[in-house]
């Protein structure tokens, strides 16, 4: 059913220890496929931000490696852009919206100025902020500022977008809008998305695959496929029985160590099999 | 002083207002009251002057006439202009050195640790104490004054620039890295604009210091200049001229400050907009 | 955590300072520096001698004497007027223009005026110091008072605290952060002005001593006094910083916490 798309990002046996000695990430191995939307869910403190930063080489792993298209990454590659949770602190207050969006493109000598501008305007339009092109970030609401951050990333046309709890700092209604915007951007611009969040519903709603992290030192305790129909829709998808089942399953995994999760999963599978057996034989 | 408390102190410095008195509602009654106080003060002075007939307290009219006579003539060219250009040269040297070295020192952590004690010591030394050394080494010409002014004004500029460069939010630096900016590009395009409010605060203080230093250096070791003029007037009991000189200094100080605030508001419009928002 | 505490002693910084002094010493001894600049060792010896035999220490006393009196006067006047101006709009309106005109006059320009009226003694210096330290403190107090959370005063009114009592018990403590910042600026300026006034027209104090030594061509004590002025400034800064932390202990900065 699921088309086997090519693996573009490989995280192999990644381990990260902080400077003060704490082991944040014990061992994480993930493969990300082209065009997919993957989420990483975990409790607070599981090192999710650290994981994302290590993946895009802002931080160096203690051991293990990250490869993009087979090449090991040592410094932040232009194909992979990280969108921060704290938009207020990552946008530049001395630049307007378009100033911020065009900022990373300015150093690219391979694109003409007019092309850069059209890339930016396209990105700003895609996030719905054309009317605010010449506003300053601090004149906009929180949700709009996060859109600017998204536009800035999109204009750069990366292959992969890493999103670090991007909607945690906005209210629930804005969050729903931004979630749908992210899905729209993904299909419009054909970008692979890797999102990190503590919000299980969000992860199931948005993703094709969800990776569940244990508490630190983190490992991936489960990989959950999300075969819900596309395009996702806030009300319909979230009331789908399968959605509820998936989010409950993941909910049950949060906070528990890997062995326990595996054991419970097995028991659950046996139980379901038993039920199925009973049904067919009755 | 730990770095975080220095950071807070630096932030407080940057937030110190550019304008002198906070803007409140401008009522007619308020403005009348302001002017009234000034008028009353001037009248009181005039009354005392005429009553006491003291050499030390010439009447307001006498001071005004002398002022008009002195400063709208060759005296301005001979005394005020040298002061002004010495001050500007010294200030510009201080600004260029201070901002450049300051931003670099602030950005490269190790440099900051290395130079911190030295900077803290020299900024605490009153620059006027250096004037005798300056006179000893290079005499009492323009160079001495320009150098003394540069020496005195550079410290607040440097230290504030360093603090500004140090306090750039981590997310901005990381954003620059994510988009592949080199260290130098980050310094130029992210750190410097981020640090501008702090740099401006330093430059404002530096200007005030430059102004003080030109007057002092001319009082101690000079043959012309406004500082020299005022002190000389006192010594030769040319009292109205002395008051005239002080008033000129007031006007100059006021003008410099106003110009600075104006330029700053143009360059840092975004900062004031942002701070107003987050209040 | 223990490691972080140890690192607070800035080893590279101090090493750099020592390195500079050593380089200075060597170049001076080799004669590469002008004869007007003696090697640091000689300066430090002069410093030690001056402190021990009282030559320099008595002058420090005179300087600090004028300094603290001037600063205290300025503080009382500035804080009082600042609170009044910040609380009562008519007061602010009345003095607004006067402040705007007088503020930009550099304190040093007042020195000839002060000499005229008060001669060359301590009073003249204290007058100039008070004038210089007054303005930054006034402005800071004003802003401190205006920045007060209006709720604080409402709560006080609820409990029947009004008028002068409210000013003393609510307004003043709330404005204290702003006042302390201004105070530290004033304290720095006051030292500069003290030394400057002594340099230009003093009859005692470190500035006077520096000028005297220069005229007598006794260079090591002159440099010693200049270095000492820096140390004095440094110590006063540190002292007032600690004072700031302890008086305004409730702000995040005083507790070493991020805002």
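Letters A, B and C name the chains as they come in the text, with residue numbers starting at 1 for each one.
The rule we apply is simple: a residue touches a chain if its C-beta (ideal position, glycine included) is under 8 Å from a C-beta of that chain, and two chains touch if they have at least 3 such contacts.
The shown structure was predicted, so the numbers you read here are calculated from the model rather than taken from an experiment.
When chain centres are taken as C-alpha averages, the shortest distance to the whole-protein C-alpha average belongs to B. Ranked by distance of CA centroids from subunit A, the top chain is C.
Mean C-alpha positions place subunit B and subunit C at a centre distance of 17 Å.
Subunit A and subunit B have Cα centroids lying 50 Å from one another. Subunit A contributes residues 53, 56, 58, 75-78, 81-82, 84, 86, 89-90, 92-94, 103-104, 106-107, 136, 138-139, 156 to its touches with subunit B in the complex. Across the interface of their complex, subunit B is touched by residues 8, 10, 12-14, 16-17, 20, 34, 36-37, 89-90, 92-113, 115-117, 139-140, 142-143, 146, 177, 181, 188, 191-192, 195-196, 199-200, 206-207, 210-211, 214, 219, 222-223, 225-226, 229-231, 233-234, 236-237, 241, 245, 251-254, 256-259 of subunit C. By the touch criterion stated above, subunit B contacts subunit A in their complex at residues 169-172, 174-175, 177-181, 185, 189-190, 193-194, 196, 270-271, 273-274, 277-278. Against subunit C, in their complex, subunit B makes its touches with residues 1-2, 4-5, 8-9, 11-13, 16-17, 20-22, 24, 27, 29-31, 33-38, 41, 56, 110, 113-118, 120-122, 124-133, 135-137, 211-212, 215-216, 219-220, 227, 230-231, 233-234, 239, 242-243, 245-246, 249-250, 252-254, 256-257.
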